[in-house]
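Please find the structures below.
Each of the two complexes below includes chain A, the first together with chain B, the second together with chain C.
The block that comes next holds the complex of A and B.
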């Protein structure tokens, strides 16, 4: 019942947050110097044409009026028109969201698998060679910037070895797995060290916990103890950390989409900022905010499912 | 089926950066079938470490340096310690702080069912039935419903009962109870002690009971061994040890029990502190605190535990003199 109420009412708590996000993104994107109409038309346009377009997009109204109009339209399910693409911003963003979602899912799967495998490998052989290797990896990887990793990977595997495309996006799932492999790897390489460090440390401390000792005293094998006690107990902090890093992960995606020319919303975000395509930037910001909140919500639900002491 | 447990000259070593330390040295103990053996000594004397070595659950940093742990099998033959690992669940253990020894994420019933499925190859359903039976046996009411409850809903006493049930699920020959009631209320403490007694009477299981409460020892234990600074200093039947201790440390322990204190006199305690593991005195380890010490006690190695009668042993050089002196409570 408690759980049900939480799942029902939590989305309502989202509203004030989204309101805040919409205000901030509205103000920030408009405080960047530059004029969208100027950028669109170039220097040769007559002032009359510019004024016409400005009026068409409501850019001649005072800021407050513009914001209220934006809100009003938002509640009617109208996200406004993109000044660059001349069509509904909703369509513009919807068209470009596929590659980004695919890339994020790719990274999540890759990072979770790598984290589980390497942390387990290191923790079960604490202090021995596998542990040393994994610890060095997580130490070195912790400081590497995503864009640099991306460029190195392109130079090595796309240009020198010609194994992977340097850029782009495929048409089928299989093609996407191929096209987005290097982008996903470069984000995973930057994200996994912090996850591995954390999971390895909790696995080791749970392996030495009293209840693991008790299970050992009852003749359970190390494998049995690992899967039925140690791993579940280490999962809660690991999932929490992954949730916290989700916002960072989206930031990484923006960078990597740029480096690998992936036509996702990260790339769209950057080009829209350069073009001062205000409404597109605002919509992407809202989408990202909803995604971050949704992920944290999922983390909370998972935590409560795993740990009976946690109440939603 | 009942078994006899023999621990012979067990030494546990911990390698530290500043050299090895020995939290348990030359530890010998034998436990007859159905017997309750007390193990007493100040905290830090190595009681837990010794018993962890016996069960095979030493911390990572520690290992058995020498010694044997033998358990008689159905043919009354003794199985050597080299085969200990597959015998591990024949010696089960319950612990001082029941809360931390239960997995918070698993229902109490499952934690009892786990060893049943492992050792007896029961199906999930059979194990459930069997675990509920064990819950009843250890005095958990409404066992059927409690099966699916998580540990944090249980009181300390109930958690200890769950741990006892989980230990019994291994069908052990010997149960080691490491200060099982120290963390519990006095009334609960009494119930747990009664439960252990009843289990011994009903199943013939042997119990090693660790405590620093000699009152509990006198109620519960058939024999008792006294541990001081990693070494056993005296072993005897409970009656003999409590009434006529033959080691100055045993005497000090008895004198410092609240029950033996006289009304308007302060509780006598043994002066000084037990030595640290990395700074053991040469000779008898109790020497710096001993009122009976003589020059001979300063010999290079600690005096060995010697048999003083068929059922007693002692590690004091002066035990004969002390016997004639008649150590008493004054």
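The block that comes next holds the complex of A and C.
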């Protein structure tokens, strides 16, 4: 159980990162052009009211005190008020996070399945037609813009064939699987090439390794070698890469939510930017950064569970 | 410089490296199209013609016309200037900042390394795209904000790459020789260590150009990048989205242009990696 010790210590190593994340998002909102009080109150507020609000929010304090106040508010779950929705930003973001999480999970499942199937198909027929097809796809796919792909899918499958809705979000899980199918496909098609290239390469190098040859000489079947040795050994780098790409995945979600009008936090972020609702933008940035840190922590744990050689 | 010399050396066409040749050929084509856009494009990319709106592809307009009657082919050709400039210009600052940070961290080690790497951990834990959007929302949309935001967040991969190479190279004989000869650290780092790390960096630059083009066009699509009426592929796709049920050509062709431009740089990256056995 020695190797699971880091599950306890790793979060401690993440503390400086969390601290840095909070500093950056604090600086970000403080560097917005214009007076936050004016944004909050509108232009009609009298100087006295403005001064009162400024004192109330601690905006007349030195920057260091302001940062500490910001931290204190964070820990108390007070993230400020949205100037557009007239309620706490926490409620605004919490309401919109469902569709995004659903879409992310959908894409993850889809991308993992496609990557496993196509990489296996290509690696086990290396140099032959399936391999050529998969390699061409993973080459061209690297440069696929998700937003364009989404629009092309809408043209084909929503407008021409009328199989899927062009936009929106459902009520139940089954409905969501249907509504978010095209958005998930367009992100998956752009994400999987990176994963396929990596997994295919490590599958091939594992297949050619000495232990695989040894297993072959003992008369083990190719299927047996593949599923009990080659595939498990190739999974660790693939999982690490998936973890690294999680950050990219969130970016892809923001764009695709816009294309398909999915009411998630990506769409909220873009509309908040145009509405100058900066506290919402700040909270989303913070939430997403923490999600990325959490996912990478989970990836670390997973790698250690799968591969006994990993120590952190 | 060494990488450029290596590229031009005779070895560059050996092993029938079709990937590399095709990639360079396509990229050169795009550069030529971008430079000679005013002469190649059959129409003015922003001239509106109300008599010829939403026309399907024809002999006069091979890619059709958009809702303002502008020729889509001409706009795709002019767009190559903006998208190529975004891709090639966008990686410039990240390369310089990233290589410098990577060299400093790897060469000096110790407290400098620890501090720089903690800084890198923080930057990297922000999702790239979200951080870009947040920075641009403060700076205001536009090409300049795009470059500044990229400079602030794009350096991390270069820093990691160069640092890991420098950690290895630091212990090599030529560095020791340079130190004995009394060369300054800066000279050793930039003149001796960096050129030896140039190939993996060059391969990464090519894939980074692909990512930057996608990033730039996505931001323009969202309205946070280049602003209309400038012909840029992401903007064209955003404008075409309103007409997908009637005029597919407005959206299709700029997207294909992005795919082909991105593909040419991906091919170069792959070809270079195969040619010089650089592992990604």
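Quick note on the criterion: the second predicted complex is superposed on the first by the 259 of 312 C-alpha atoms of A that agree within 3 Å, B and C clash if a C-alpha of one lies under 4 Å from a C-alpha of the other, contacts with A are read in each partner's own complex, and residues count from 1 in each chain.
By definition in this document, contacts are C-beta pairs under 8 Å (C-beta built on N, C-alpha and C of every residue); 3 or more make two chains touch, one makes a residue touch a chain.
Fair warning: this is a prediction, and the values are worked out from it, not measured in the lab.
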Chain B and chain C placed together on chain A: clash or fit? fit
Let me test your reading of the model: by the given contact rule, A:47 touches which partner, first (chain B), second (chain C), both or neither? neither
- Applying the touch criterion given at the start, work out whether A:228 contacts chain B, chain C, both or neither, answering first, second, both or neither. first
Geometry row: CA centre of chain A as apex, chain B and chain C as ends, angle in degrees (steps of 10) is 80
| message | Contacts for A:308 in the overlay, against chain B (first) and chain C (second): which applies, first, second, both or neither? | response | first
Inquiry  = Just checking: does A:62 make contact with chain B only, chain C only, both, or neither of them? Give me first, second, both or neither.
reply    = neither
Comparing chain B and chain C in the superposed model, the one touching more of chain A is C
- Task: Using the touch definition from the top, say if A:211 reaches chain B (first), chain C (second), both or neither.
- Result: first
For A:219, select first, second, both or neither according to whether it touches chain B, chain C, the two together, or no partner.
-> first
After superposition on the shared chain, which partner residues are touched by A:154: those of chain B (first), chain C (second), both, or neither?
second
When the two complexes are superposed, chain B comes to within a least CA distance of chain C, in Å, of 11
Within the complex, chain B is touched by chain A residues 126, 208-211, 213-220, 224, 228-229, 232-233, 306-309
Interface with chain A, chain C side, in the complex: residues 118-119, 121-122, 124-131, 133-135, 137-138, 207, 210, 213-214, 217-218, 221-224, 234, 237-238, 240-241, 244-245, 248, 251-252, 254-255, 258-263, 265-267, 270
Listed in rising order, chain B residues that touch chain A in their complex are 55-57, 59-60, 88-89, 92-93, 95, 97, 100-106, 114-115, 118-119, 150, 152, 163, 166-167, 169-170
Residue set of chain A touching chain C in the complex reads 16-17, 20-21, 24, 28, 31-33, 139-140, 142-149, 151-152, 154-155, 159, 247-248, 250-252, 254-255, 258-259, 269-270, 273-274, 278, 281-282, 284-285, 288-289, 292-293, 296
